[in-house]
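Structure, as C-alpha cells:
For reference, chains read A, B and C in written order, and residue numbers begin at 1 within each chain.
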Amino acid sequence: MAARIAEEAELKARRKRSRGNSRRSVTLALDYAIMIALAVFFLFPIVFMVVSSFKPEKLIFDDLKTIVWAFIPREVTFENFTSVFRRVPFGRFMFNSTFIVLATVSAGLVINSMVAFALARLRWKGKIIVLSLIITLSIVPLDAIVVPLLVLVNEFPWIDGSIGWLDTLHVQIIPFIADAFSIFLFYQFFIGIPRDFDEAAYIDGASPFAVYRRIIVPLSRPVFATVAILQALFLWSSYLWPLMATRGEDSRPLTVGITSFYGQDVKWAQILAFASMITIPVLILFLLFQKWFVQSVAATGLKG
Amino acid sequence: MNRIVKYLALVAILLLLFTSAAIIPAQDMVELELWYHGGTQEENDETRAQVDRFNAMQDAIHVNFVELAGSLVAGTGYNDAVNAAAVAGDLPCILDLDGPNLYNYAWAGFLAPLDDYMSDELRADILPSLIDQGLYNGKIYAMGQYDSGLALVGRVSLLEEAGVRIPTSIDDAWDLDEFNGVLASLQALDNVEYAIDLKMNYGAGEWYTYAFSPVVQGFGGDLIDKETLSAEGVLNGPEAVAAMEWIRSLFENGYATLTPPDDNEFINGNAAMGFLGHWMATGYYEAFGDDMIVLPVVNFGARQATGMGSWAWSITTQCDNPDAAWAFMEFMLTPEEILSITNVNAAVPGRLSALAMSELFGEGGRMNIFVQQLESGIAIPRPITPGYPAVTSAFFTAMDNIIKGGDIQAELDAAVDKIEQDIADNDGYPIQN
Amino acid sequence: MTRSSRFQSHETVYAWLMSAPALIGLFLFVALPLFGGVYWSFTNKRLISPLPTKYIGLQNYQNLLGLQIIRLQPEIDEATGEAQKDLEGRPVYPRTRTIVRGNPVYEGYREWFTTDVLGGRFVVIARDPTFLRSLINTFTFVLVIVPGQGGLALIMALLVNQRLRGRYVFRTIYFSPVVTSMAVLAIVWTFLYNPDQGLINRFLNAITFGRLQPDWLVSADSALLAIIILSAWQAAGFQMVIFLAGLQGIPQALYEAAQIDGGNTWQQFRHVTIPQLRNTTIFVIISTTILAFRLFTQVDVMTKGGPQDSTVTVIYHAVDTGFRQQKIGYGSAVTVLFFVLVVTIALIQRALLKSDVEVD
C-alpha cells in the first residue's frame, strides 16, 4: 500500500518536473546566485587573510586601494611564514593546542557519557536533582568564573607534589573535561534508545557498566562524534583562560601564541600568516569529514 | 568506538604524566624567572641576547626569560597576565613593568625596594628622570635601562615645501598658533594625505595617556592634582576641555585620521609629520635618512610638556633570591648593556655615562632633542599614584569617546567620577609600611 | 519490572560510581568558582590590595542597579524671577553634575542620559551607567542575533540541502569561519572595518558610489552593528549544520505526500519543513541565546566596550571591572546578576517553547 502511494507520488512528481523545467532552471540559477553571493560573504575575509599572508607587508596596504588586487598575490613571498617560525615556537603552540584538544575531548567523552548513562538509564535516588543541577550549570559561561577559577586552581596540588596548576598543560585540560552541556547531549541521546536492549542484557546478568560499554556506547557513535566536534571547536578557540592561566611559550596554545605579534610593532603580514596556519588545517579536516559530521549531528537529533 | 575512546583516554593520561614529570629543576644553580612584555622585534631579540650574555658569563645564576606578549601595544595582555599572577601569588623574581604601574604594585606590596642595593655611585649616574619615575613613598622600586622620548618628527623637505619655520631646540619650539599654521600648510601640500600621524592605530590604551596627557598639561590642565591625587576640577577643568577640543579639531579638520591601518603612515608618506615615541624613530630614520628631523614638542600655552617613563625592571617580594635578581639587574644597568639596547630601540640611555658615549643622543646627535626634553624638566612623569590603573583607564576611555564624537565636558566629568570612585573604593590608598 | 529492589541498590552504587568523575569535575571547576563568586560579591575584595577584604552586604548590587530620575528646574533669573532663556528662547538648565554633587542623596551617582519630555528636562542618573548600558547592549545583541543568524543559517541550510552540484564545497565555505578562532578573526575584521582603508568600505563605495560609508567600529552608532555582523558571520555556519542535520532527518515520504496533495514548494516548506524542524529550531534558539549572552572576545579585541560604551556587554563589564579594574567583589556581583538573568531567561524560553510543542 505504502509502496503504491510512493510510486504514484514519484509519477506525479516526474510529470510536474517536466512541466516546470524552465521554471526550475530559473530557480536553480537563483539558488546558485544566492549561494555564490553568500560564499563570497563568508569567504572574503578568509581569502583576504590567506592571500595577504603571502604578500610583503607594504603590498598588503597598497593593494587595499583596489578591491581586486586585495585578493591577488602579485608578489608571492614566504617570508612572513619563515618570520613566524623564527619569532615564535609555532610547532610547540600547535602541539599544545592539539594535545589540549585531544586530551580534553577524549577524557570528556568517557566521563560525560558515563554520567549521562547513569542519569538516562539507571534508577537511583537523587537522579532528578543531579540532572537539574547539571542543566543549570550548563548555562554558566566560563568567562564569568575565570577569576575565582584562577584563584582556585592555584591552590590545587599536582601529582609531582607541587602546589598550583598555573602555566601548565593540565590547567587547560582538567577543568574542562567534565562539561555540563556535553552531558546534556549524551543524556538526550541515551534516553531515546529503546529499553529492550539493556533489559535483555540485565537478564543475562550484565552489570550496568557492561551495559554502558557493550550496548549503549556502540549504539551512540553519532552523539560521541557530535560532542567531540563541538568540544573540540570550543577548546580550539579558547582564549581568555589560557591567556590568564599560562605565561610561557611551553604551555601556551595557538590562540594566545598569536598575541606575541600584537607587540609594539604590529606586523600584519606575520599576524595573517600565523592566522592562516591556524585556520587552514582545520578547514581541510572539515572538508574531509563534513559529510560524516552532518550525518552525526543529524543522527544525534539536537533538540532543546 | 569504545576501544578508541579508552585508548585515547589512556594516551592522554600517559602524556599528561610525561609532560609534568619532564621538567626537573636544575641543581646548585639559582634559577630566576624573568617576565618580559614583548617589545618590538628588535628590542625583544636584543633583550634575549642580554639575558643569554648574563647566563653565559657566570654559572651561579640562571635567568629564565619568559616573554608575555600583550595585545596591541604594550598592552593590556601583559598587565592581565601580571594581575593574574599577582592574585595567584605566582609572580616571577624579575618583573618588567611599564613605569606608572609600579606605584600600584609597590603600594600593594609586590615589589621590593632597591635602595639598599644601589650604590651611591650608581644612583648618581642614573638619569634623574628615571629616579623620579621609580620613586614611590621615598623608595625606589624599579629601574629601567632607558627612558622614553615623545616628540614630533617631520621631513625637512616637506616642511620647507610648506614654507614653515623649522625649530631646532626646545627653546624655539612652535607655539599653538604657529603649529596650527604648520598643520594647515602641510595639509595643503598635494603629495600628503594628512598633516600628522597620531598613532591612533594603537587604540584606546596607554598610548593615549602617554602621548596626550602632555597636551592636556600643555594647555594648563592635568589628569590629577599632584598633592591631593584628586581629579576633580583638574581633568574636567576648562583647560583640559580646551585641550580636548583642540585634539578633536585635528581629526575634524582632517589633519589626522582616527584609523591609520598600521604603524607606517609616516614612512608611507601618507602623513607629513608623526607624533611618536622613540621606538619608531629608528625605522623612520632608516626610511628617510637625513630628511627626517626630530622636532621639539609644541608649547601649547601654559607650558611645554612631553611624556616620559618606560619599561623598567623590578624585583618582586615573591622572589626567593633577591640578591641574585639584583646581580642580574646590575648587569643590565652597566653602560655597555644600556647602550646595546638603546642602540636598537633608540630610547634615551638611562645612565649619564652611557648617554655621554651615545652617538645618537649625545650633544649634536640626531635624537638629542629627547635628552633635552628630559633634562630641562619639560618631560612630566605620568601621575604618581597607586590609583594609576584607574586614572589611565578613565583618561583613555574618555579621550577615545571624545574623539569619536562624545560630549567633552560629560566625558571628562565621567572620567573624574571614575577616578574619585576608585580612590573611595581603596580608602584613599593609605600608605602601607 | 524484571529487576528486584536488591538489584536497584546495586544500580545506585553503579550510578554514583559512574557519575562521580564528571560530578567531581563540575563541582570543582564550575560550582565551586561560582560559589566563590557569589561569596565575593558580598565583599569589597580586590585583585591587588594590601587592605583587608570587608563584608559589605548588598553594596555591590546597590551600586550596580542604583538608578534615579530627577527633574531639572530651569535656572531662575534673579532680576525677573522668571526662568532664564538662552538666545533661542529655550530654558537654561543647571549642570546635572552640580545637582548630583550638591545633594548627598545622590552620592555616587553619575549622569546616564538626559531627555526632554513632557515639557521638562529629566536626567536619569545611575551609580554605574556602564552596567545598565551593558544590559541594553547585550539584550540588543541577543534580540538581533538570534533571529538574524538563525534565519541566515536556515536559508543556507535549505540551499545546501538540495542535490546541487558543489553543495559540499558551499557547506565547507559557510562553515569555515566557525573553525577559525574568534580572537584571530576579530583582528582580521578590525582591519576590514577600517573606514578609510578597509575592504568593506571600499566595496560599499564601489556599489553605492560613495553614499554608504559607515564608520563601523569608530562610531557609537555603528559599532554594535559591526560586532553583530561579525558574530553572525562567524557562527551562522554552525547553526546551518544543525539545521542541515534537521532537514536530513525529515522523512522524504512527507514531502511526497505533500506533493500528492498538490502542495507547491512554499506550502511544502510551510507545512512539512517548518513543523518537522521544530525541535531543531528550539535547540538553535536556546543554544544561540545562551552563546549570545556570553559575548566577550570580539568586544575585547575590537572595541574594548567603546566608543561611549556602545559595545560594552555584561560579560565584558564583569571581566573589565573584576579583573582589569581589579574589583573582584564588584565583578563577581556582575557575574552573579548575569547568571540569575540567563537562568531566568533560559527557564522562560524552555517553558514557552516546550508548552508550544505540547499544544501542537
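Here is the rule we go by: a contact is a pair of C-beta atoms (placed from the backbone, for glycine too) under 8 Å apart; a residue touches a chain by one contact, two chains touch by 3 or more.
Please read all numbers here as calculations on a predicted model, not as lab measurements.
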| item | value |
| --- | --- |
| Most heavily contacting chain pair (counted by C-beta pairs in contact) | A-C |
| Chain at maximum distance from chain A, centres defined as averaged CA atoms | B |
| Euclidean distance of C-alpha centroids - chain A vs chain C, Å | 21 |
| Intercentroid distance (Cα basis), chain C paired with chain B, Å | 35 |
| Separation of mean Cα positions, chain B and chain A [Å, integer] | 39 |
| Where chain C touches two or more other chains at once, by residue number | 47, 191, 197-198, 323, 328 |
| Chain B, residues touching no fewer than two other chains | 71, 80, 84, 87, 261 |
| Multi-partner residues of chain A (at least 2 other chains) | 61, 64, 110, 147, 151, 244, 262, 268 |
| List of chain B residues in touch with chain A within their complex | 1-2, 5-6, 8-9, 11-13, 15-17, 19-21, 35, 38-41, 43-44, 66-75, 77, 80-81, 84-85, 87-90, 201, 261-264, 268, 279, 283 |
| Residues of chain B defined as touching chain C within the complex | 71, 76, 79-80, 83-84, 86-87, 104-105, 107-110, 203-204, 257-259, 261, 389-390, 393, 397, 400-401, 404-406, 410-411, 413-414, 417, 421-422, 425-427, 430, 432 |
| Complex contact set, residues of chain C against chain A | 2-3, 7-8, 10-12, 14-16, 18-19, 21-26, 28-34, 36-37, 40, 47, 155-156, 159-160, 162, 164, 168, 170-185, 187-189, 191-192, 197-199, 202-203, 206, 233, 237-238, 241-242, 244-246, 248-249, 253, 256-257, 259-260, 279-280, 282-283, 285-287, 290, 293-294, 296-297, 300, 315, 318-319, 322-323, 328, 331-332, 335, 338-339, 342-343, 346, 350, 353-354 |
| Contact footprint of chain B on chain A as seen in their complex | 58, 61, 64, 87, 99, 102-103, 106-107, 109-110, 147, 150-151, 154, 158-160, 164, 166-170, 173, 213-214, 217-218, 220-221, 224, 243-245, 247-249, 259-268 |
| Interface residues, chain A side, partner chain C - complex | 2, 5-6, 8-10, 12-13, 16, 28, 31-32, 34-35, 38-39, 41-46, 48-49, 61, 64-67, 70, 110-112, 114-115, 117-119, 122-125, 127, 130, 133-134, 136-137, 139-141, 143-149, 151-153, 174-178, 180, 183, 199, 202-203, 207-209, 212, 233, 236-237, 239-240, 244, 254-255, 258, 262, 268, 271-272, 274-275, 278-279, 282-283, 285-287, 290-291, 293-295, 297-304 |
